[in-house]
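So, here's a batch of structures to check.
One chain, subunit A, links the two complexes that follow: it is found with subunit B in the first and with subunit C in the second.
Showing the complex of A and B:
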C-alpha cells in the first residue's frame, strides 16, 4: 500500500503522463484513447476517495519537494477537505465527460489531440487545487488558460472557435498575469509563498500598505477566470468549443478556479471593506446581469453559458458577503452547480448531436423523440431554477438566508434581498425557457436531421449527475453533509459556523423569496412569450452592447492603432535613420558616465612600442580604410581587404598570447571569405552598379559625409575608451580562479579550452546549438527559396566558363574547371587526408595545448571545402557521402548526453570528470569526460559549416534559365 | 603599445561604422564583420595588454605571468557566434536580392508593401461569417 503522500503525487502526475501517452497514439484509435483517458480519470477519482479519511476532520496531507531552494520555493502538494472536494469534482466529472465525449466526438475528429488536451487540462486543474505554494498555483493557473485555449480552438478550422479561443486566452491569461503580480506582493508581505504560511498571516497582510494593490491584482485574476462582470464576455464566446469541453471546463471546473481561489484565500485576504465592495459588487452585478441576458439567448449553449455566469456571480456574491456561513453556502453551491450544469451542457450536446441544431427557435417537442434525455434535462433545469427536492434549491435557500441576514446598513444591504429575488426569478424564467423551448410544444418542423437512436451510454453520464442532484436534494445531510463539512473545515479551520442542511426549515423569509421567484419567473416567462418568439437574438435593453465588438475594438486600439501611432510619430520605415538612432543612443550611453565622472588616462605607464606590430597595424588600418572606401564598387576587393584586417587581428591575438584565438580567427576568416565569395556571385556585377550610380547628387555626397562624421566620432570614442581601459590596472577578475583550477579540476592545461568545455560548458552548449540552428535555417532558406523568374540566370562566372569550354571544343562544361585548376586541384585532393590529420591533432591536443573542438571542426570543414573547390560539387558528392544535417544532430546529441551523463553519477548537469590513466606502450594519458563534449562541438561545427557552404554552393548547380531571356521551362 | 592599439581599434571601428551606415546590405555585412573583429580585440585588450605567457598551465604554477584566459574564452565564443551571424546575414542578403532584385535598403523598404489592415483579420473573418 502506498502512503498518502505518494498517492497524492500520483493524482497529479497521472493526467500529465496520460496526456503525453494519448497525444502520441494514432488518432484513429477512437476507443483506445477514450479508455485510457477514462481509466486515468477513474484512477484519480479512486485515489481521491481513498484519501478521504486523511482529510476528513480538517487535517491536510502535505508533500514538499525542493524546487528552487535558493528562492525558498518548494514544490508543495497539499490536500485538505476543500481541495479534496475539488479533486473529486475534477476527476469525477472528468470521468463522465470522457465517457460522454467518447460518443459525442465524430470519428472524423482527431480525438487523440482532444483527449490529450483534456487530460492536460485535468492535470493543470488538479495542480491548482492541490498547490501548497502560490507561485506553483499561478503556474498551473496559466496552464489551465492554455489548455482551455487549445480546447476551445479544437475545431480550429472555424473562425468562431479561433476567435473564442483567442479571446478566452487574452482575458484569462492577462488575469493570470495580474494574479501573478498580486501573489508576488503577498509573498513579499508574508516572506513566504507557502500557502499555510500565507493563510496564517491574514492579519499582517490586511494591515500592510500594499494590501489593496495585492488584493485588486489577485481578484483581477480570480474574476477574469470565473467570468465575472465586466470580464464575463469571454465565456459565451468559448461555447464554440466541443460540448464536452463546455460541460467540463466552462461549467464544472475551470471557471470554478476563480471562486475556488477566492474561497481559498479568503482567510488571508477577506474580512475587509475592500473585499466586501469589490467581490460583493462584482458578484451581484454578474448574478443579475447574467440571469437577465440568459433569458434572451436563442442558443441552448448560450443560455447555459449566461446562466453559468450568473451562478458564478451568485457564488462570488456569497464570498463577498464576508461571513463564514456565506463561505459554506458558496462551497455548497459550487458542488451543486457543477452537477446540474454539467448535466445540462451534456443534454444540450445530445440535442445538438441528435438533431443537428441547438437553436431554441427551431427546437420543439423533443420530449416525444428523446424521452430519456428530456426527463433528465428537465430535472437538471429544475434544479437550476431552485425547485425543492433538488440540490439547487438547498444552496439557493442558503443564499437567500445570507442575503437577508447580512447587515452593514448600507444601500447595498437594503437592495440585496430584492435583487437576489429578482435574479432568482430570471433564473426560473430561463430554466423554463430551456425546458419548454426544447422539449414541449408541437413536434419539431425543420430539424436539420431526424434524431437517430441515441447511443445507449451517451445519456449515462447525464443520468449519474442528475441522480446526484436528486439524492443531494432529498437527503442533503447524509449525502453531501460530511463532504461539505470537511471542505468548510479545510477553509475555515476549526471554527465552522452552524448551518443546517435540511430540505424543510419551516415558513421563513428565504422560502417566501423562493416562492416569489418561482411564481414571478413563470409569469415573466409567459409575459415574454411574444418577444422571444419574434426570434430576435439578444435582450431588449442591452442588445446593442455587444461585448465581443467592444473587446475587438479595445484590442485593435491597443495592438494596432497604438502601434501605428507610435510608428508614425517616432518610427521610420527606413533603415538608416534607425541605425543612426541606435548609434546615437550607444554614444549617449557611453558619454553619460564619462560626463558624470570625467575621463582621463589611467595611471599605468604606457609600454614600449613594438615596431613589428606597429608595421603590421599600419597594414591592418590601411586594409580597413581601403575596404570601406572600395566597398561601393569593388566588392571583391573590399572582401579581400576585410579579410586582410581580420588577419592582422589574428596576428595581434598571437602577439597577445592568445594562441587559441589566433587559430580560431584564422580559420573563421578563411571560411567566411569562402562563404562571401560564394555569395558574391549571386549579387549584381560591378558595372551595373556603376551605371545605376552615375548621378551622384550633392545630397548623396552630403549624406556620406555625415555618415563619415558619425563613424569618426564613434571610432574616436571607442579608441578613447579602449585607451582609458588599457592604462588602468586590470581589476581582480575570476581569471585566477580558472587558472588555479584548470588542471586540478578540469584535467587540462589549456585554460581557455577548459573554460569552454568544462567551467562554462553550458554556454558552449548553447552556442553550438545556435550554430546548428543557423546552419539549418540557412539550409531551409536556400532550399525552400524560389527565385523570382527574372533573376534565375546562371552566375556570370559560370556562363563565361561554360562559354570558354564550348569554344575550346566539344566537351562537358565541367571539364573546363578541371583543366584550369589541374595542378592546384591535385594538391587540394591530396591534402584532404593531411588536413584531416591536422584536425584530429588539433582536436586531441585541445585540452592541454592550443586547439580544441571549434578549431578542429573548422579545419575539417576547410578540408571538405577544398574538395568542393577542386572537384566541383558533383564530383565530390559522387564520391563522398556527406550528411551535414546528421553531423549537426549527432554533435548536439553527443554534447548534451555528455552533460546528462553527469547526472548518472549524481553530479549537476555538465560536470566533467578527469583522470590520467596509464595505458600500455603510450604511457600516462590525460582523459577527461570533457573530451566527449568537445567531440560533440567538433562534430557539430563540421556539420554546420559544411552545411552552410554546401547549401550555398548547391545554388549554382541548379538548372537555370539561359542568360538570354528566352521562353524556357520555368525551372525553379 | 596602448596608444597603437587604441588607434588601431578606432580606425577599424570607424571604417566599419561607415560601412554599416551605407545603403547596401552587403556593405553593411562587411562593416559588421570588421566591427566584430575590432570589438573582439578591444575586449581582449581590456583583459591585459602585452605579450606574456599563454594561459597554458605548466606543471609549475603560472602565476602572475599568465595572460587572462577569461576574455579569451569569451572571445572565442564570440568569434564563432559572429561567424554564424555573418553566414545568416549573407543568406538573408542573397534571399532579399533574389526576391526583390536589389540589396539597397532604401529600395527594399519600398519593396515591402506596407500592410496595415484597417481592422484585425479576426474581425474581418467574423464579418464574413456573419
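Showing the complex of A and C:
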C-alpha cells in the first residue's frame, strides 16, 4: 500500500507520463489511445477518491522535494479539501471528455496528438491545483496556457483555430506574466513562496506598501485566465477548438483556474477595499455583459461561451463580495457550473456531429430526431437557468441571498440585487433560446446532413453529468454537502460560516428574485423573437464594441506598425551607419568612466622589448591597416592581408607561451580563409566606383575624415584599455583554482582542455549545441539561397579555360578542372590520411598537452576541405560519403550521454572520472571519461564545419547545372 | 662559450627571420598583382614556421616544433585555396 504522499505525487505524474506515451503511439490507433488516456484519468480519479479521508476535516497532505534550496524553493504538492474538489473535477470530467472524444473525433484526425495534448493539459491543471508553492503554481499556470494553445489550435488547418489559439495564448500568457511578477512581490513581502506561509501572512501582506501592485498583478493573471471583462474576448474565439476541448477547458479547467486562484489566495489578499472594488466590479460587469451577449448568439457554442463568461463573472462577483459565505457559494457554483456546462458543451457537440451545423437559425425540432440528447440537454440548460430541483438553482439562490444580504451603503451595493436579477433574467432567456431553438419547432428543413444513429456511448458522459446535476439538485446536503464542507474548510480554515444546503428555504427575497428572473426571462425571450429571427449576427447596442477587433488593432499596432515605424526612423540597410552607431555607443560608454575617474597605467612595469617580436608586430599592423584600406574595392587583396595579420597573431600567441591558442588560431585562420573565399564567389560584382566617391566633394571628404577619426579613437581606446589591464596584477580569480586542480581532479595537465571538457563541461555542452544549431541554420538558409544576378554565371576564368579545352580537341569541361592544379591536387589527396592522423594525435593527447576535441575537429575538417578543393564536389561525393548532419547529431548525443553517464554512478551531471591504467604494450595511459565528451566535441566540430563549407560549395553545382549540349550544327 | 654563441645566433636568426617576414609583408601590402600577394602570404607562413622553430631551440620546448609542424602541414591550404580562386574563380567546384 502506498502512502498518501506518494499517491499524491502519482496523481500529478500520471498525466504527464501518459502524455509522453500517447504522443509516441501511431496516430491511427484511436481505441488504444483513448483507452490509455481514459485509464489515466480514471486512475487519477480513483486515487483522488481514495485520498478523501485524509483531507476530509480541513487537513492537508503535503509532499516537499528540494528543488532549488539555495533560493528557498521546494517542489511542494499540497492537497486540502479545496484542491481535492478540483482534482476530482479535473480528473472526473477529464475521464468523461476522453470517453466523449473517442466518439467525437473523426477517424481522419491524428488523435495521438489530441490525447497527448489533453493529458498534458490535465497534468498542468492538476499542477496548478496541487501546487504548494507559488512559483511552481505559476509554472503550471503557463503550462496550461501553452497546452490550451495547442488544443485550441488542434485543427490548425483552419484559420479560425489558429487565430483563436493565438489570441488565447496572447491574453492568458501575458496574464500569466503579470501573475508571475505579482507572486514574486508577494514572495518578497512574505519572505517565502510557500503557499501555507503566504496564507498565514495575510495581515502582513495587506498592510505592506506593495500590496496594491501585487494584488493588481495577481488579479490581472486570474481575470485574464477566467475571461473576465475586459479580457473576456478570447473565450468565444477559442470555440474553434474541437468540442471535447471546449467542454473540458471551459467547464472544469482552464477558465476555472482564475477563480480557483482567487479563492485560494483570498485569505491572504482579500478583506480589503481594493479587492472588493476590483474583483467585484470585474465580476459584476462580466456577469451582466456575458449574459446579455449570450442571448444574441446564433452559434450554439458561442451562446455557451458567453454564458460561461457570465457564470464565471457570477463566481468572481461572489468572491469579490469579500465574505466567507460568498466564498462558499462561489465554490459551490464552481462545482455546479462545471457539471452542467460540460454536459451542455457535449450536447452541442453531439448536435454538431449529427447534423453538421451549430447554427440556431438552421436547427429546430431536434427533439424528435434525437430524443435522448434533447432530454439531457434540456435538463442541463434548465440547471443553467436556475430551475428548482437542479443544482444550478441552489447556487443561484445562495448568490441571490448574498447579493441581497450584503449591505454597506455604497451605490454598488444598492444596485447589486437589481443587476443580479437582471442578469439572471438574461440567463433564463439564453437557456430558453438554447432549448427552444435547437429542439422545438417544426422539423429541421435545411440540415447539412440527416442525423445518423448516435453511437450509444457518446451520450453516456452527458447522461452521467446530468444525473449529477439532478441528484445534487434534489438532495444537496447528502450528495454535495460533505465535499463542499471540506473544500470550504480548506480555504477558510476552521471558521466556516453557517450556510444551508436545502432546496426549500421558505418564501424569501432570493426566491422572489428567482421567480422574477424566470418570468422576466420567458417574457424577454418572447419579446426578442422578432429580433432574433431576423438572423442578425450579434447583439443590439454592443455590436459595434467588438473587443476582438480592438485586440486585433492593438496587436497590429504593437507588432507591424511599431516595427515599421522603428525601421523607418531608426533603421538603415547600409552597413556604415550601423557600424558608426555601434562604435559611437561603445566609445561613449568607454569615455564616460574615463572622464569621471581618469586613466593611469597600473603598477606592473612593462617587460623588455624584443626587437624580433616588434618587427613581427609591425608586419601584422601593416597587414591589418592595408586590409582595412583595401576592404572596399579589393576584397580579394583584403582577404589575403587579413591572413597575414592572423598569422602574426598566431605567432604572438606562441611567443607569449599560449601554444593552445596559437594552434587554434592557426586552424581557425585557415578554415576562415576558405570560408570567406567560398562566400566571395557569390558576392555581387563590385561597382566600379560609387558615383559620389569619384567626385571628392567636401561632404565626401568630411565623411571620410569623420570615419577615420572614429576608427582611430576606437583603436587607441582598445589599446589603452588593454594596456591598463595588462599593467595590473591579475585579480585573484578562479584561474588559480583551476590550475591547481586540473591534474588532481580532472586527470589532465592541459588546464585549458580540462576546463573545457570537465570543470566547465556544461558550458561547453551549451556551446557545441549552439555551434550545431548555427551550422544547421546556415545549411537551411543556403538551401533557398538566390545569388546576385551578376554572380550566377560561371566565373570568367572557367569559361575561358573550358573554351580553350574544348578548342584543343575532344575534351570536356571536366578535363579542364582536372588539369588545373594537377600536381598540387595529387599532393592534397595524398595528405588526407596524414592530416587525419595528426587530428587523431591532437585529439588523444589533448587532455595533457595542447590539442583537444575542438582543434582536432578543425584539423579533420581541413582534411575534408582539401579533398573538395582538389577534386571538386562531384569527384569527392562519388567516393566519400560524408553526412555532416549526422556527425552533428552523433557528437551532441555523445557529449550529452557522457554527461548522463555520471548519473549512472550516482554523481551529478557531467562529473568526469579520471584514471591512469597501465596497458600491456602501450604502458601507462591517461584515461578520463571526459575523453568521450571531448570525442563528442570533436565529432560535432567536424560535422558543423564541413556542413557549412559543403553547403556553400554546393551552390556552384546547384546554380550552373550542366546545360544541355547544343544540337550539333548540321554540316550536311 | 658555445651557449653564448647559440644565444647570439638565435637572436640573430630571429631578427633576420623577422626581417624576412617584413620583406614578404612589403610584397603582401604593395602587390601589385594578386599573385604577388599570395606568394607574399605563403612566404610569410614559411618564415613564421622557421621563427617558431627558433623559439623551440631557445626555450628547449618541443611544443614549438609541433606548432611548426602544424604550419608546415596546413599552412599551404590557405595558399592553395587562394590560388584556386584566382585560377578558376571558385574554390570548390
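FYI, the second predicted complex is superposed on the first by the 834 of 972 C-alpha atoms of A that agree within 3 Å, B and C clash if a C-alpha of one lies under 4 Å from a C-alpha of the other, contacts with A are read in each partner's own complex, and residues count from 1 in each chain.
By definition in this document, a contact is a pair of C-beta atoms (placed from the backbone, for glycine too) under 8 Å apart; a residue touches a chain by one contact, two chains touch by 3 or more.
None of the values given here were measured: they were computed from a predicted structure.
Novice: Between subunit B (first) and subunit C (second), which does A:866 come into contact with in this model arrangement: first, second, both, or neither?
Specialist: Touch status of A:866: second partner only.
Novice: Just checking: does A:612 make contact with subunit B only, subunit C only, both, or neither of them? Give me first, second, both or neither.
Specialist: Only subunit C; A:612 stays clear of subunit B.
Novice: Comparing subunit C with subunit B, which touches more residues belonging to subunit A?
Specialist: Subunit A has more residues touched by B than by the other partner.
Novice: For A:835 in the superposed arrangement: first (subunit B), second (subunit C), both or neither?
Specialist: second
Novice: Contacts for A:849 in the overlay, against subunit B (first) and subunit C (second): which applies, first, second, both or neither?
Specialist: After superposition on chain A, A:849 lies in contact with both partners, subunit B and subunit C.
Novice: Pick one for A:443: touches subunit B only (first), subunit C only (second), both, or neither.
Specialist: Neither partner.
Novice: In the superposed arrangement, which partner chain does A:715 touch: subunit B (first), subunit C (second), both, or neither?
Specialist: first
Novice: Report for A:659: first if it touches subunit B alone, second if subunit C alone, otherwise both or neither.
Specialist: In the superposed model, A:659 contacts both subunit B and subunit C.
Novice: Kindly list the residues of subunit A that each of subunit B and subunit C touches, one partner per complex.
Specialist: Shared contact residues on subunit A: 613, 639, 655, 659, 680, 849-850, 952.
Novice: Where on subunit B does subunit A make contact in their complex?
Specialist: Counting only subunit B, the residues touching subunit A are 1-24, 26-27, 29-31, 33-34, 37-38, 40-42, 44-58, 62, 66-70, 72-73, 75-77, 79-88, 90-95, 97-101, 103, 105-106, 109, 112, 114, 116-117, 119-120, 122-123, 125-126, 128-129.
Novice: Touching subunit B in the complex: which residues of subunit A?
Specialist: These residues of subunit A touch subunit B: 159-160, 162-163, 166, 552, 555-556, 559-560, 564, 573-576, 579-580, 583, 604, 606-610, 613-614, 617, 620-621, 624-625, 627-628, 631-632, 635, 638-639, 642, 645-646, 649, 652-653, 655-661, 664-665, 668, 671-672, 675-676, 679-680, 682-684, 704, 707-708, 710-712, 714-716, 718-720, 722-723, 725-727, 730, 733-735, 738-739, 742-743, 748-752, 755-756, 760, 763-764, 767, 770-771, 774-775, 777-778, 781-782, 785, 787-788, 790-791, 848-850, 854, 941, 944, 948, 952.
Novice: State the interface residues of subunit A toward subunit C in the complex, per the touch definition above.
Specialist: Residue positions touching the partner: 611-613, 615-616, 618-619, 622-623, 626, 636-637, 639-641, 643-644, 647-648, 650-651, 654-655, 659, 662-663, 666-667, 669-670, 673-674, 677-678, 680-681, 794-798, 801, 817, 820-821, 824, 828, 831, 834-835, 838, 849-850, 859, 862, 865-866, 868-869, 872-873, 949, 952-953, 956-957.
Novice: Enumerate the contact residues on subunit C facing subunit A in the complex.
Specialist: Result: residues 11, 14-15, 17-19, 21-22, 24-25, 28-29, 31, 34, 37-38, 40-41, 44-45, 48, 51-52, 55, 63-64, 66-67, 69-71, 73-75, 77-78, 80-93 of subunit C touch subunit A.
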